[in-house]
Structures are given as structure tokens and as C-alpha cells.
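Shared between the two complexes below is chain A, which has chain B as its partner in the first and chain C in the second.
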Partner chain A sequence: MTKAWGYIITAFIFFLLIWIWTLQINNVLGYSAFISGGALLVTIAFLSLFNVRKRLSFLLSAPVHQWFLLHAVGGFLALFLFWLHTGVFWPQGLYTQILAVLFYGATLSGILGLIMEKIYPNFLTRIGLECIYERIPQEIADLRNKAECLILECTKETDSDTLAQHYLETLRWFFQRPRFFINHIFGGQNAQHWVRQQCYISERFLNEKERGYLDQLFILADTKRKIDCHYFVQTLLKGWLLVHVPLAVAVLAMVFWHLIVIQVFFL
Partner chain B sequence: MDENKFNHDQTDYERPNFPFRCGRAALWQTPCHKGPNLDGTCGGTQECDPFLKNDRWECRRENRFGGPCAEGPGPRGECSIQRPPCAPRKALRVIRGRLALLAIGCVLALVGFSLGLNPNAASFASLLDPGPLSKSHKKFTEKEGCSACHAAYGKGPVGWIKAVFTKTDISDRCLNCHMFGGPGSKAHNNNLHTDREIQNTECIMCHREHSGQSMLTRVLTSQQCNYCHKEKFESFSKGHPEFSEKYPSFSRNTIKFDHSSHLNKHFDNPKFSEKAPQSCINCHIVTLADREVRPGTFEAICADCHDSQINKKELVLLRLPEFSQNLIDPSSLARACNFPEKGQSDEEEGQSDEEEFQSVSTDQAALVSAFLLNVPENDPEAYNQPLQNLILSMAKEGTTPLARLIDGHTPKPIAKKLLAGLNPEVLKQAACSWGLNLEYEPPTAEKYGGWYADMLEVRYKPSGHRDLVAKSWVEYALAVSTAQDDEEKFARAIAMRDQLLSAKEGIGGCIKCHAVTAVRSSKGNHPLQVEWGYGKVSNRPYVHYSHSIHIEILGRKSSCPNCHVLDSQADYMSSFKTFDSSKWVSNFESIKRQMCGQCHAEKEINQDCQLCHVYHFKPSFKKEMVFVKNPIYKIPQ
Partner chain C sequence: MSITTPSRPPRWDQPFGSDITDADVDRLLSIPEIGAIERDIFPSHMPLAGILRNDSRIIHYKAGDIVFREGDYGNSVFLILEGSLRVVLAPGLPGGILGRREIQKNNFWQTLKQLWTQHKTPEVRGTQRYTQEAPLRKAVEPGETHVFLQDIPAILDSYRTAVLEKGTLFGELSALGRTPRAATVFAGTGAELLEIRWQGLREIRKYDQGWRRRIDQNYRKDALNSHLLATSIFSHLDVDDLQEVADNTLFETYGSFDWYLSYKKFQAQESIKEVKDEPIIAQQGAYPDGILMVRAGFARVSIERGHGRQTITYLRAGDFYGADELYRKWKGETNISLKVSITAIGYVDILRASTRIVEKHIFSYWDSGRGEIRKVKSVPSKMKRRMEDYFDQPLADGAMQEWVVQERFVNGTQAMLINLDRCVRCDDCVRACAATHEGNPRFIRHGKRFQNWMVANACMHCADPVCMIGCPTGAIHRSMPGGTVIINDDTCIGCETCANSCPYSNIQMVSIRDEVGQSILDPQNHKPILKATKCDLCADQRAGPACVLSCPTDALKRVDFLQWRPGSEI
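Then we have the complex of A and B:
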């Protein structure tokens, strides 16, 4: 937290210096846009280092959480530098508007990602289960296999297919793949209620032995619910980059075009 | 859930940076432990990869998956446990990379598409356009397009590369249409300080285009002005230099109007009080008044009292002076005037050569004719011959000899203007009478003004204000009075000038109101010039002041004396005794900075530099911009 404040204060001082510099340049009727634009370019270049830090690990050896912090603070700094550079919220002209759309898109997706990065890890910790994203399909398949084995065993041991019928009609759908996407990402409990309800419904039709199997099935379903939650939240935590990174790359491409236009037509 | 099942010896090492993931896992089935290959094909079609050892294929299934299978590999080394291949899916990382490439591709496609478009036809889709031009510039550049300002536009890739390594000065292009009173790239368009080096300026320092319908001009702040100006100050109320002692009346008025005598004397006079204006705005036009509040026209504000005075002041062009002897050849005169020959009419005339000559006139010659002939006006011995020669030639040719004399004193012929309306026959008749040493008796008395001859004189009576002949004579008198090398002739020119410029006797009394100023010429002399019109204030070109706004705020009737306080002690009219316009005394007390500061102060009314000062010096457009090259309607010849 102290480090974060350190970065924020550094970024604020940097912005303040650039702002004062532009004011001074304005006072001498100079082109302050070169100063703010240069600072923005440096900031954007620094932000893009976040993506290549792994390839340049011999140079950029800081831990990823520090990189993330710097990236987030740098992103906000870039936003304020952008406003300082353009002087308006919404520029005129097609190419500057495209550049603005891409920049705002990248910034907004970044802010959204930052919010998710702050909320969801805590949320996942509270679930009480840890799960590697790439292994979730295997986990779900294992749970499904276990559930089906349990049902077969129950049918065999109790000579009753009540639980098996119930599984086929309700819980089989649940075990097939992750369910309740929207509810999970908003931290809802619909999946939990649904699993409980399915168990309660069947409980009164089962004998004592079968109820033991149902309890085991409930535990498996509850674990599956937690893994589902992991899956959806982690998908979101990885998925927002599908928006942020292409937008950021497009911003870089447009910035390059902007530099060409300025060099050719203005300088 | 088994927490230890991901131990290194129990599970595969997950590699999220692999480009593909198992197709079975994507369908939520149990993924194979081998996973997809790097080229995207399924790697799990067989349980293991058998190994050839001592000419025998050995099963290599790992222990955690059950160890070597019972069947073992086939004779060709194929695994006995075969599975149908899955369809591996792309990993998120690969999708992200593809999307990033797609984004770059989209940008490049947009750029390429916009460069390929005709810029005039589809400028809205141009990725070179940083924003719409202002209304004025849009109109003037619609034919040339962007190249009107940007040299590299339309020059292709080579031109672009050249432009990168060449300094582009857009301001140069601005000067293709705009012009100023001085150099465009100098501060305030003027060489204000030759003693020190001042940074050159560029138009784009303040004027920004591509910002929409209205031109975006940087508002100059006090700090920005202070950057160049030696005298630095914070605002108008804090440190602005005091106004100069004469402010705002730096140079003499072109019209001699003594506010003091009019307001304190004439307007109180019962004879004129009915015609007197009630307030300043009765004479001064305040509507849309900017830096100066022009007075109304002569006809509107002066004529009531002064119009009748103009035609009372006449010009005496010629006067028959007292001659000491008659030198005119009678026969020549008789031929010129169609008189009977001398021999036939001696008796009738009752005169003979032997008789002593008695001049019909006892006056002096007119100053105008004395100057034209370069003779003293009061010495008959000196002017006898030239003047009588003039009379004889006038009797022969009418106005021609006079015109010749007038034009002989100026580089360009001017007699036509000066003698406009003078009837040659009248002049001839007068000359004939004077040749006979008789007074000329006009057939009718003068009624309508203009040229006329009467008894011993040829006179001009101005028809009213703006009489062109009267104006021409005043200008002629001024022109010849500064262009004489001969001392005597110079003295006569001055005498004639003084008479014509006299407020009481001069033709039309023009100089009673119109100032005469010595102007600086390129030749180094100081020719005199009559200020016929109301002089626009041309000094202090960087000062801007809107009278109309102040009058509207302070009230139309009583606002003027708030700032313009009459100085009754000032000797205003003495300023016009010389021709130097810089030395003069105003009718009003000077305005002090504190007077403006009463309102333009901190936290009150705006006091930015640009409220009262303008940056540019005489901004205007070049001729090509003002004239219509191909008018829709041509005026028939």
C-alpha cells in the first residue's frame, strides 16, 4: 500500500512538472503540445513494457505485482496527460477521434480490469478453494465421473434408481460443464440455492441409505459450484485482456501514425 | 478434492503459454495427459510413445497412468491403446495475439484506405484530417485543399520523407493571403526594437486551425506579454505603466474645433443657443463608435451657423492695378477685341498718344497675379509691362494665357481645375475694357457665385462647402509656397498663400476650420497639406478602445464628461498657428490610468492585455483575396 502511494505521488509530481512546463512553454508562445505529447508518448511506451516484461526479464526484473501497480498508476497518468495534450475531452477530426476512441477504450477496459483485479481475488479466496484455471476442465470431468460412479454404486447397493433418476433429470445437467455464469461473476448464490433445492426435493423420496449417497453427491455438487465460480471469475480476469490488449496495440499503431502526420505536416 | 493431486509427480506441468489446449477439455471431458502438439494437432491419439530397445518395442506409459500396459506396443511400434483425435482449441493467449494483430491490421487498413481515397471527394474519411477548418479558411482552401497550407500534401511518399527532414513553416503559407503593416514574422509585425534581438514569431504560435467552425486563437495572457516586453507587470491595476501626459490626444485635430469657445461662449450666446447641440452625442456619432467617435458631417452639425460665411469670402484672381503708362499696342488690342481701327476713331475715343496717361485704377495688383507674373504687386514700374502684356493676351486668347502662367508653376497641369467655370468670353471682355483703361461693366450683376468679372477685378465666389475650385486654389497656394528657389518669388508665393489661407479673407475661409499640416515626404522636404477630411487616428495602432460599449454602459447623454474633461485654460487655437501637428494643446485634459482603473480593477471588470491592445499591425488581405477573379456578373463597358 505504501508502495502504491509512492507510485501515485511520483506520477502526480511527474504530471505536475509536465503541466508547469507546458504552462511555461505557453507563456513564451511555444508549442506546449510537444511537451505534453512527448510525456504521453514516454508514458505509453512505459505502459507497453508491461506486456513484454517477460521477454525482457533480464532487464525488467521487478515482481509482477509491482509491474501491475506501475501499469495501473501509469495508465491514469496517461489519461491525464492525454487531456493535457488535447486540451479537450473529445477532439475533432476523424483520425484524432479514432485515436481518442481507442485511447478511451483502452483506458476504460484497463480501469475495468483494475477493478476486477482488486475485487475478484478476494472473492475467490473467500470461496475456500484454490484451482488452476487450465486444470478446471479436468476437475469438472473428475467430479462428474465421481458423481456418476456414486450414483451407480447407490443403485447397486440400494436396489433403487430413485437417486439415479433424479440425477439424470437434474444434477447431470449441472455436472456437464460450468453453470450459472452471470450469477457467479456478480457474486450471487443462485448455484448454491439450486444445488440445495435439488437435494431437498429428492431427500424425502429416499431411504436412509440413499440419503447417505445424496449427502456425498451434494458435497460433489458444492465443490463443482465452487470450481464453476473459479472458472467464470478467472475467465473474466483473463478475458478482459482480450479487449484491453488489442485496443492498446491499436492505440500504439495510431500513435505511430500521429507521429508521422506531425513530422510530415507540422514540423 | 485431493489437495495433493497437483504435486509434481502426480500431474503434468501446465504450460499456459502453449498455443493450444486439449479439445476434450474444451468439451468438458477428461483431457488426455499428453495434450495437443505445438502445431495444433491432437497429441493424445495414443496412450504412450513406445521406445525401441534391443529390437523390441517397449511400452512407456507412466506409472501415474497405470504403468506399462498388458498388450504392449504393436510390431511396428504403435501403441496398442489408440484414441480418436480431438480438435485442439486455441489458447486465450493466442486469441489475444491474433486480436492484437487484427487491431494493427485494422489501423493499417484504415490508413491505406484513407490515403487511397480522393481527398477532395471523401475528405470526411481522411485519416490525415485532424479536424474541420474554420469557416473562413474552409472557403479559401476548398480548391487547393490541404496543400494550401501543408507543402507536403499530395507529394507522395518521397515528398513525405523529404518533409520529415525539412523544416516546415506553415506561417509562410499564411502570408500568401494575409498581409500586415510590417513583416509578418516579427513580433507585432513591426521592427519595434532594432537595438536588441527579438525572437521571430509564427502565426501558429497563437492561431490554431482544425478546431471546428471558429478559428481557435490563443488568448494572450499578461504573462505571455511579459515574456517579451521589458516593462513587466501583473495586470492593468497592478503595474501597468501610466498613460502618457497627452493621452489620448497625441496629434493635432484635422478640424479646428475649439470645444472650449463653442461650449462656453458661442453655445451660450442667445444668437446661436437655439442651434446649439444639447449634448456631445448631438454632434458625435456614437453608434458603433470604436476607438474614435467621429463627428457628424459639416452639413449636419456646422452648416446651421457657418454655411453662410463660406461664400462671402472670395478669391481675387486679377485686379486692374494702377499703371504708370499705357504700354498696350492699341491696334493689337483693337484687332483682339474687334474694335474699330485707331485712325478711324481717334476723335470718337477722344484720346491721343500725346495726352498724359491717367490710369483708371489706383489699386495694387492682386497677390495671385503678382505671384503668377512674379512682379511686385505695388510697383507699377515693375508690373506695367508684364501685366499689360497679360491683359492684351487675355483679350486675344481668353483664359489660355492665365492657364499657361498657372501651369508654369506646377509639375503637372492644374489650371483646368483652378479655372473651372471661368468663361473665356467674360475674361476677354474684361481684358478689352481694361486694355482701353476702362472699368469693365458686366451685363448683369453677379448672382449665383463662381467666376465673374466686375469693374476692375476677376473674382471667384465659392458656391458653398466642399467647393472644388476653392479647395484647388488653397492646395495650389500651399504647393507653390514650398517649391520656389527664387527668394522674391518665394516671398510672393508666401504672400499669396497667406492671403488664401487667411480665415477672414481667404477663399471660402477654408482654413478657419481645416488644419494645414507639414507632412514628411521621402524627399526630405515638408510639403504642406490641408486636412480636408476628419482625420482617422492612425497613431497607436496597437491600442483598441470601444467607445460605444462604454457609452452604452455609462449612459448616452452624460457619459462623455466622465473621461473627457474640458480644459478651459488650454490655448487650443494657438496649436494651429504652425504647421507642426505634433506640437499642440488639446481642448481636454489628458486621461489618467486611474480613471480606467476605477472599473477595470481586480475582481471587477476584465483587465487582460488584449482588452485594450491588439497584437497585429494593420492586418489585411492580399489583393488576390479581395478581388473576385471570375465575377458572375460583368459590368457592361
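Then we have the complex of A and C:
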């Protein structure tokens, strides 16, 4: 945390210096956009190095969590430098507006990712079980098989298809694939309530032996609910990068084109 | 001769050497070293002949074959039946000659080279490596492979060695004390050896006074003094005083030596029951009768709480307890009793220095105007802090430590601990590990959980590395500089002994591939060649463990639980 504050203060001082410099240049009727643009370019280039560092894990360099802190602080610095560079929140002209959309998109997705990375780990821990993302489909399939075997066994052992009918009408849908996406990502209890409700409403129609099977089914459904939650939250934790990184690459491409345009038409 | 008893030990269902015959047993009983053992003392369910038949095996070595290497872990003792062996005296042979992996950190160029030399297919090995002359050869005994020294005359010229003649017993200290072999022993000529596993040795030592005396004398002569000298409270003693302490120190063993075999069984039990079942070394409230020093293994330090016991901390090799109570008693305080109970976690070797000798050599030293020294040296600083700080801790605060001891993570010195409240499950650690290890991660980001902590399935580089016991080629070994447990891929024969022994399932067997991605097959049986793989703490990487360095949220650490408490680091 101390280091984070160190980075924030350094970024703030850097921004302040650039700002003062641009003011001085403006006062002598110079063209300050070169200074703010140059600072923004350096910052964006530094931000893009984070992805390179992550991929080259064997290179001797600072731990990634330090880079991550710098990346986050650098992202906010870039946002303020962007405003300093453009002078407005929303620039004029199609090209710069496209650039602004991409830049804001990359920034917002980054901030969103940062918030998710702060909130969701604790949320996942509280679920009570741990799942490796790639294994989740297999785990759901295993639970579905167990549930169906249980229903078949119940029908065979009790000579009653009440639970089986109820399973086909309700819980089968639940076991087919991950469910309650929206509710899970906002930490809602709908899935838990739904599973409990389905078990509760069928209970009165079952005898003692069938209730034993229902209890086992409830445990399976509850485990499935927890795995669903893991699936959706981990999808978001991994998925936001699929938005952030392409937008950041697009920004880089646009910045490159921007430099060429300046080189050709301005200098 | 046939050995059948109604209550024979269960381990005899799987004899140590399957091909030992009645004639072999008769021959062994006729050699002087074994013939001198009084056979009548052995109980009917544990006859000497049965021990020889089931707990020992005869192994033949060719000239140059290594019997064991310095630093190996082994749980058996050897008796030379025919021929002679050579023991390499200090400074010993370099790792390369012993078939070990020489660890060298990559230089900058090698580090950079990894950018373009990584294969897309995991576990690719250069097939030429295996066609080159590896220092391995099949032994006479089926299924056995020995590492051998290739140029014995050159070794004899360059290194100091001593001859072990026929009838010499060696390796007993490591076998009984779970300590690394102190020297390398190889066959100078063709040799025939009797290897007795530790259970058999324990029985012989238990019933035969001659062997007991011989082993204890060897231990006192070779190991005890150096161990005492390394213990901080005895470090000020001169040679004569140290010898007196050694002569008055008892050597005790508690618990099961092969605790790792019953580890999973214990996991199913209630933790409270487990603590109650642990062999008691010292009981809370009892009269202190000496300083207890842990020589090998682990001991739980606990206090009574309600109807159970709360774990305060644990002791491991080099730690000691009891000096403070004895000192207070010596100073005239009355009603002094032990404040804690000490029990064996799995297996522990204890040295008990008598009260009289401690009073004579330690307390008088402390009392001669060196009170400050006593404060510093009576218990190790970390221990002292824990005893005082955590004695009255709430149950919730000590729960993590309780779990760590219960799960035997105390054994680890580099456990991979993940703070799940920070971990974003990005698997960057897994990818980084794969990138630095032939495209295949050396750990699984999954494991046992307690609250928001998870100990992942990664090699913990244990203080008691049971995985190293029984490796036929010594491929799995400790690196000399750092003590990291590593595997030499060139001498690993894929026998799975280490993977099966690891109580934490942290060693994986992988089939290796050639440069074009095809599985490399054993030319004899056409089965894929397996190699044991595990975390090596990125021993050859300049930056250190890639998993730790690659974590974007600082959620992953390698920890020693003796020094770690929740909130102390991550």
C-alpha cells in the first residue's frame, strides 16, 4: 500500500510538472501539445509494456504485482494527460473522436477490471469451494450425471416417479449448464432461493425414503449453484481483458497513425 | 527353513527383497556379525530369521557402482558380505560425478534465449541426451538400477577415500535418524551387501544389546557432539564439557517412522482424536526432567483448552524446550511444571539432556553475570515470541496454526500459499511456471483450503523429504547450496517411487516427447518413458520462482509456516 501511494504521488508530480511546462509554453505562445502529447505517448508505451512483462516471466524484472500497480497508476495518469493534451473532454473531428472512444473504452474497461479484481476474489472465497475454470464444464457434467443416477435409483428403489417427474420439470434445466448469470455476478441469492424452493415444493409429495434422495439431490444442486457462481465470476475476471487488451491495441495503432499524420502534415 | 507365525508383522506381506531364499537366510545367520546376535531373545512372532527373510535383501554391486551419495535420504542400513567399498572423505565428490544436476543460474544470454527456444509441445527433451552415455546400469537384481562412477582410478587419485572392509555395518545413523547420508559410498571392487530396512534394524536394535551398543556408540561418536554444538545453548562449551553433556544425553524416538504412509488415514480422523493419539514426549503439568532437543522430525507444542488441546506452535530439528522451567527451578522457585505438552507429529527424534548436566554447564554459565545471554539463548527468539505471545491467544487466532499442523504442512519450508481474497484466478502463475519448465507447469493451482488461504499442490521442499527415500538412482536430491529438493532429469528412471511417497501428491509423472512432439518410447517395452517432475523453485532462473514473480495481485507466496502467521506477510 505504501508503494502504491509512492507511485500515485510520483505520477501526480509528473503530471504537475508537465502541466506547468505546458502552461509556460502557452504563455510564450508556443505549441504545448508536443509536450503533453510526448508525455502521453511515453505513458501509453509504458502501459503497453505490462503485457510484455506478463508474457516474459523468465526475464529478470520487477515482480508483476509491482508492474500492475504501476500500470493502474499509469492508466489514470494517461487519462489526465489525455485531457491535458486534447484540452477538452470530447474532441472535435471523426478521427480524434474514434481515438477518444477507443481511449475511453480502454480506460473504462481497465477501471472496471480493477474494481472487479478488488471485489470478486473475496466474493469467490466466500462461496466455500474452489474450482479451476477449465474444469468447470466437466464438474457440471459430473454433477448432472450423479443427479440423474440418483433420480434413476430413487425411481427404482421407491417405485415412485414423483421426484423424477419433478426433476424433469425443473431441476434438469438447472443442471444442463450454468444458470443465473446476472444474479450471480451481482452477488444475488436468486439461485440459492430457486434451488431451495424447488426442493421444498416437492417435499410434501414424497415419502421418507424419497426425501432421503431429495436431500442428496439438494446437496448436488447446491454444489452446482456454487460452481455456477465460480464460472460466471471467473468468466468476468478473465473476460474483461478480452475487451481491454484489444481496445488498448487499437489505441496504440491509432496513436501510431496519429504520429504519422503529425509528422507528414504538421512538422 | 520356513517362517510362518500367526501374528507376523503386516509389513512382511511385502518383503523388502522378494528373491531372498531359505539358503540365503541360513548363510546370513552363519556370518559372524549376525551369528553373534542372540536369537533366543527375539519373540516368536518376530524371529531373527524372519527379519532377515522379510526386512532385508542382498544386493550385488559392480566396481564403481554407487551405494549411496552424500546428502541422499535412505531408511536402510548396509552390511558388507563380500568385497570392499570405498567411502569418500571430505570434501566429497562433485554433484556432476554423482549423477546429480548441477544447478547454475542462467546468464543473461541464456535467459534471453528462452524467448525463441521454447517448444510448442510440452515436455520436449533432446533425445540425444538419453543416447549419450548416462551413468546408469542395470543391477544383477531385477528392476534395480545403479548409478556408477565412470573412472574409478581417476577418482581414487583425485579424492580422499577410505576402505570399508567385509563385515562393516554402515548407514545406520541416517536410517534411524532420518538424516542425510554423510558421505558417498561406492563399490571399489565387486561387492555383495546385505541391506536391512529400518524396521528390521529397529527390531534388531531393540532385542540385541550388541547391535544397540554398536549403533549408539557410533551415534555418540559421530553425530551427537556436532548436533549439540549446533544447538545454541551448548555452543559455548569446550570439547570436554560437550563430551560430558553428550555422555549424559538420552536418545529417544517417538511416533511412526513411516508417518507418510498413514498420513491420508489420519486425514479422515477427527483432529481432536489425532492430537490425543499422538505419542506424548512431555506432559503439561509434569515435572521438568531435562531439556528436550529435537534432532529430527516434528513435535507439537500444545496446551489444554476445554476438552481438547490447542496447538501453540511446533518444534523441528534444532529446536529445544524446557530450559526456562529448569532454570526457574534451579533458582529456587517451587511448584515448577511444564506449561505445555509436547507430542510427536508423525515421527520425532528427541535428545534429552539431563537436569544435572544442564544445571552444571548451562545455568552456572548463565548465572555468572550473563543474564542477558540466558534471555537470548534459553529458547530461539521466534519460539520465545510465540510462547509468550500466543499462550493466551483466542481459539480463532490459533486456528490457522492448528490446521497447518494437522495437515502436516509443518514439513514444508517453501509451501505455496495463496491468499484467495487477493487471487483473481488468472492462472498467470501457472503460465509462468509452464514457460520456465518445458511448457508444463510444475504445480496445480488447487489444494487444501483454510478460510481464505490455500496451500496449492506444489512441492514444499520439505524439511523431512520422504520423497527422497528409496530413489534408486539418487535422481531426486537436495541441492547443496540452498537445500532445494530437485530432480535430475537425466538420471530419473521414471520408477514413480518419489511420486508415490510424497504425502502431499506434489510430484507428477509425465511422458516425455522428442523435438517433433512424438512420445519417446522405451525401446524394450515400447511404453512411453516417464519422468518425475515437480517444482524446483526455478533453481536455474535468475529472477527466482516465476510463480511468485508473475502474480499480479501479490496473492502467492512461498512460506515456511514456522515463521508465518496470517497478516505477517500477505
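The rule is simple: the second predicted complex is superposed on the first by the 255 of 267 C-alpha atoms of A that agree within 3 Å, B and C clash if a C-alpha of one lies under 4 Å from a C-alpha of the other, contacts with A are read in each partner's own complex, and residues count from 1 in each chain.
Basically, contacts are C-beta pairs under 8 Å (C-beta built on N, C-alpha and C of every residue); 3 or more make two chains touch, one makes a residue touch a chain.
This one's a predicted model, so the numbers in the text were calculated from it and none came from an experiment.
Novice: For A:I132, is the partner it touches chain B (first), chain C (second), both, or none of the two (neither)?
Specialist: both
Novice: Once the structures are superposed on A, label A:Y120 by its partner contacts, choosing first (chain B), second (chain C), both or neither.
Specialist: second
Novice: In the superposed arrangement, does A:T2 touch chain B (first), chain C (second), both or neither?
Specialist: After superposing on A, A:T2 lies clear of both chain B and chain C.
Novice: By residue count, which of the two partners contacts chain A more extensively, chain B or chain C?
Specialist: For chain A, the partner with the higher number of touched residues is B.
Novice: Intersection of chain A residues contacting chain B with those contacting chain C?
Specialist: Dual-contact residues (chain A): 132-133, 238.
Novice: Provide the residue numbers of chain A that touch chain B in the complex, in ascending order.
Specialist: Per the stated touch rule, the residues are 26-31, 91-96, 98, 129, 132-135, 137-142, 144-145, 176-178, 223, 238-239, 241-242, 245-247, 249-250, 253-254, 257, 260-261, 263-267.
Novice: Under the definition above, what is the set of chain C residues touching chain A in their complex?
Specialist: Chain C residues touching chain A: 106, 108, 111-112, 114-115, 420-428, 431-432, 435-436, 445-446, 449, 452, 454, 541-543, 546, 548-555.
Novice: Quick one: in the complex, what on chain B touches chain A?
Specialist: Answer in residue numbers: 1, 6, 11, 14, 16, 21-22, 24-26, 28-31, 92, 95-96, 99-100, 102-104, 106-108, 110-111, 114, 124-132, 146, 150, 152-153, 160, 163-164, 167-168, 170, 201, 204-206, 210-212, 218, 221, 223-224, 226-227.
Novice: Give every residue of chain A touching chain C within the complex, in rising order.
Specialist: Touching chain C from chain A are residues 54, 56-61, 63-65, 67-68, 117, 120-122, 124-125, 130, 132-133, 234, 237-238.
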